[in-house]
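In what follows, chain A forms one complex with chain B and a second complex with chain C.
Let's look at the complex of A and B:
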């Protein structure tokens, strides 16, 4: 693998020239299929959402939605008085907590299944079960178990603990999300571990490194890129998770688990305030995008720069 | 030059893809020639999860009958939940194409009406389906804001009643089921002992709580909506909620686990035979009850119609035994097959088909003569009576929000129910919030 570094160096001047040519005449049209899809699937709906957030679109104006009255930023001001900030706070805290909790579990699980042993395939398969189960199934099963007269309370020997409403509801949401989402971190960490060169293990063995320094100083730096990327994707997934709170708590949800997707859903599909809910969605998009952007700049998620590989 | 050509080609290709995609979104309207032959009528109907096979068979038999009568085919499309249905209506309303006939829940009819996307029934339209007089008059109560602006054609009714355990009541020395809410509370206390409870209530249900609040309030003379004014922050509503919460929090006549129950769970609890009453159920529950431990030991009864805290209904109180519950049929305004749609509506509202549907799925006929023919059934008597004493919830596009606000009062109070009595102040704070959102919904109503 390492010997491959040289040949590209030799041909570098040639490549330089070719790149110069292509930069002027890049076949950009090759991007058309992807570009058209991006426009159709991402940009047009986004533009529509922006437009809808500025008009008074509800059940009364839905039929002639093009003629719905333009009301400027009224939907935005209303969204702040409709509990949007509260919901964003719940969503973000829930997402960050879930991510923080799943990272050690995921990495530990990846380390456990790194070296070959009898039954490793089985363990790996079992670890993936929460990930392959549909979210709907996971939340239905948890909902059944967490009923006041459900199995969890029976095991704890206490029939009065409420898991699905009241102050514990928030922690129930976090707990079930952790249960369902850790295999994602596990998968990404496992992929990172797989790409650690064999020589690295040999070298640390030659240097007589014991397991902890080896893990901490040698292996974990390799995982930094994939795991940071996994953190980002997982947090976004948590923030966007609608099925879990919807099935666990129903709509309307208790206030302390009224996460953003639930609020937008109820506003859209039960109150039929499409304009207002579009404004809420846009505000949340902006509020989530800012820290995301900072995060991306800070961690520079270029996996190939990490660990000095290749 | 080559570059420009390529760019033009790319642009053309892009436009073609875009057009193709947009056309694909446009739906497939195939308008055939004269008569019904070769035409297809699309009907959107709720999926029946309880009896899926029988439901498929029913669809088949209706299809065959319709084909024999008109030459056209009926294509059923099912939705799993009210939300699925709403999404379907929304997309159809926006695009102006979709199902020709919709079966919608009664309380959703005002919302559907407010979109203006459905055919208003004039004399001609009623005539086409066999006349307005063929329906049980009570079922027409939620077809439109007034007699001249009706969109909903009654199809089936599912009036709410309560079920009671005949043996437990007898053992407790109760001669007949309660007719006032206070009497019910009293009997429930008599019935509660050991692992036996007086009432089974679905506190966690997404719809049940508002039905209690509305029912008790309207019996006390407050229909919750007065023109453009919401009247949720009102002593009648306050009393309704304190009674409803009180059963669990103060009187302790309900299993504490009920804070987690939806309606089917409460039904299952009652079916175990350890509960006196199951409030708010309907004929569709019959099969589950017959399969449970209560088999042969239960009966339906009319829900109390005297408001809590009173021994007789006040002068302005309404004898509301149930919300007007069931399904209405709506014909889409954009439909190109309106005549066929009315043929279909006529077919499924005729006595024979209505009775067949009742026997298969337990939904009561909206057809008056079909309903009459069931009057001889002793067990059913309270239910048919409830069908006649059903009262429509306020006909406003804001109703969806109002029922959501009422349900939310219950949802947010649930965690406190197991801790002890709920204070008036607690309920009042929540009612104030509900009043605010109900009023703002009414302000926007057109």
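Let's look at the complex of A and C:
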């Protein structure tokens, strides 16, 4: 399929080879330090994670994992009976809800800072605060404010609402994540707004478009690409977010906020079932692989296709 | 001028003012609370005061003895600093070859660099932990709990990320200078040292800062791979949370003060490098 779409690629390398000073003296050895290191610290551990998911590894066999018994897919079947599906559901719904909620906030923030006015620099800096603050700091602070005797309950005039356990915990997780993550959408939307040409504004002014039709029909289409990309990345980040639930609720987390990273963490470092948790982690990799695959399609990877000399 | 500014206006003025005020309030009210609570006393915060009945810097002096925060910050600075330098330099070299030369497997590597940033941390931590803990048994090395063990663990994320940041930068760099140098007979190493490194210094710094922040913001690896002497700032901060469970009075005010201290290096880095970092954020796409 791909070869059908891109026949010119076949001739391009040949030309390059004929031209090529650069081609003949490719200093590929420069890849060795970074490449060897990546194989050692990334690829080997990843391969090992797959292997661990197929063996029965616990605290007793941990130090002698090479001798641990091979049990095939037993870890995978067991993981489905130990709450994996529940955690997948929590993770996915949490990630999608957070992303969907941050999009209008982020776009609104980009729109209000697009036109220059005095003090805009300050407003832009303020908008970045939640994003700049380390996640563990944000979680610690919200955890403190949401204590039963904390400031939030004091302001609401109710000393009994539980935010960090019970049925509200899930919504606490979503709300804090929204507070912390919307500036990312804002940044991407701002980048999109800056690609709107001057003429577009002039043309809609000449047409006498009022702000809402102009915004809806002219400006927002410009944002579709960057914001969709931002949504993919944001969803990936939400799914992988370990710090927020871990610091907010502690481990083990309440059942209704037991997201995938928490489940894997508790299974491995509290229950010490390393094989089982590796199987869960591999399943969570499959989960992120779907948005990741779409992202990899969308992002521009190949540098030789653009301008410059071949 | 003003007519064109008027044409560029996206929102009617009242809406703009209301939205700006609302968004700023959403951000600033919690931030204001942190600052006020850190200037309050532990008793004051625990009794639910928003505005302190008395201001003092007492919490800022007590945090250093409640938990070993200074040691945590020092450990974080060392581990993340080394991670930043190593991944920025290695990442630049690797990215240069990836951008300038075509070879088999190049596209796979580029895909891998992007993909690796989305791998769940838990998936990476497990095998790293197993390898580190069995290193004592198979190789006679102690890795879990050491600073360099944590450094290696952070490299697993920082190196692909820095490399990707450099790839996005270097492909915008014109080739003419390098080609001129090459016709003068300069070797690749000379070109790297004399042309690529100086020209891309801002990007190298940014990729280093991102690597630093990846480590500084990490909780997962630090919780598992450190022992009390090698605790990072993030782990030290979590100790304030457990300090409340033993004692009668929760140390909320100190917790807020310590939070601000832990956030300070990050905020300072952003203030200095704001322009570059914001560009990098949208290019790299990962916090």
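Everything that follows uses one rule, which is that the second predicted complex is superposed on the first by the 244 of 310 C-alpha atoms of A that agree within 3 Å, B and C clash if a C-alpha of one lies under 4 Å from a C-alpha of the other, contacts with A are read in each partner's own complex, and residues count from 1 in each chain.
Here is the rule we go by: a residue touches a chain if its C-beta (ideal position, glycine included) is under 8 Å from a C-beta of that chain, and two chains touch if they have at least 3 such contacts.
Predicted, not measured: the structure shown is a model, and the values here were computed from it.
More residues of chain A are touched by C (comparison of chain B with chain C). By the touch criterion defined above, A:266 lies against chain B but remains apart from chain C after alignment on the C-alpha atoms of chain A. By the document's definition of touching, of the two partners only chain B reaches A:254; chain C does not.
Once the two complexes are overlaid on the shared chain, A:127 sits against chain C while remaining clear of chain B. Residue contacts after overlaying the shared chain place A:81 against neither chain B nor chain C. When the two structures are aligned on the shared chain, A:148 is found in touch with chain B, with no touch to chain C. In the superposed model, A:295 makes contact with chain C only, not with chain B. According to the touch criterion, the shared surface of chain A, contacted by chain B in one complex and chain C in the other, consists of residues 25, 33, 35, 62-63, 65, 147, 149-150, 269.
Residues of chain C that touch chain A in their complex: 4-12, 16, 19-20, 23-24, 26-28, 30-31, 33-34, 37, 45-46, 48, 50, 90-91, 93-94, 96-103, 107, 110-111, 114-116, 118-124, 126-131, 133-134, 136-138, 152, 155-156, 159-160, 163, 167, 171, 174-175, 182, 188, 192, 213, 216-220, 223-224, 234, 237-238, 240-241, 250, 252, 255-256, 259-260, 262-263, 266-267, 270, 274, 278, 281-282, 285-287.
Of all residues in chain A, those touching chain B in their complex are 25, 29, 32-33, 35-36, 40, 58-60, 62-63, 65, 147-150, 159-160, 162, 164-167, 250-255, 266, 269-272. Per the touch definition, chain B reaches chain A in the complex via residues 3, 6-7, 9-10, 13-14, 17-18, 21, 83, 86-87, 90, 93-94, 111, 114-117, 204, 206, 255-260, 262, 265, 397, 400-401, 404, 407-408, 411-412, 414-415, 418, 441, 444-446. For chain A in complex with chain C, the touching residues are 13, 16, 21-23, 25-28, 30-31, 33-35, 37-38, 41-42, 44-46, 48-49, 52, 57, 62-66, 105, 108-109, 111-116, 123, 125-137, 140-145, 147, 149-151, 153-155, 179, 184, 187-188, 191, 198, 201-202, 204-205, 211, 214-215, 219, 229-230, 233, 236-237, 239-240, 242-243, 246-247, 260-261, 264-265, 268-269, 274, 277-278, 281-282, 284-285, 288, 291-292, 295-296, 299, 301-304, 306, 308-309.
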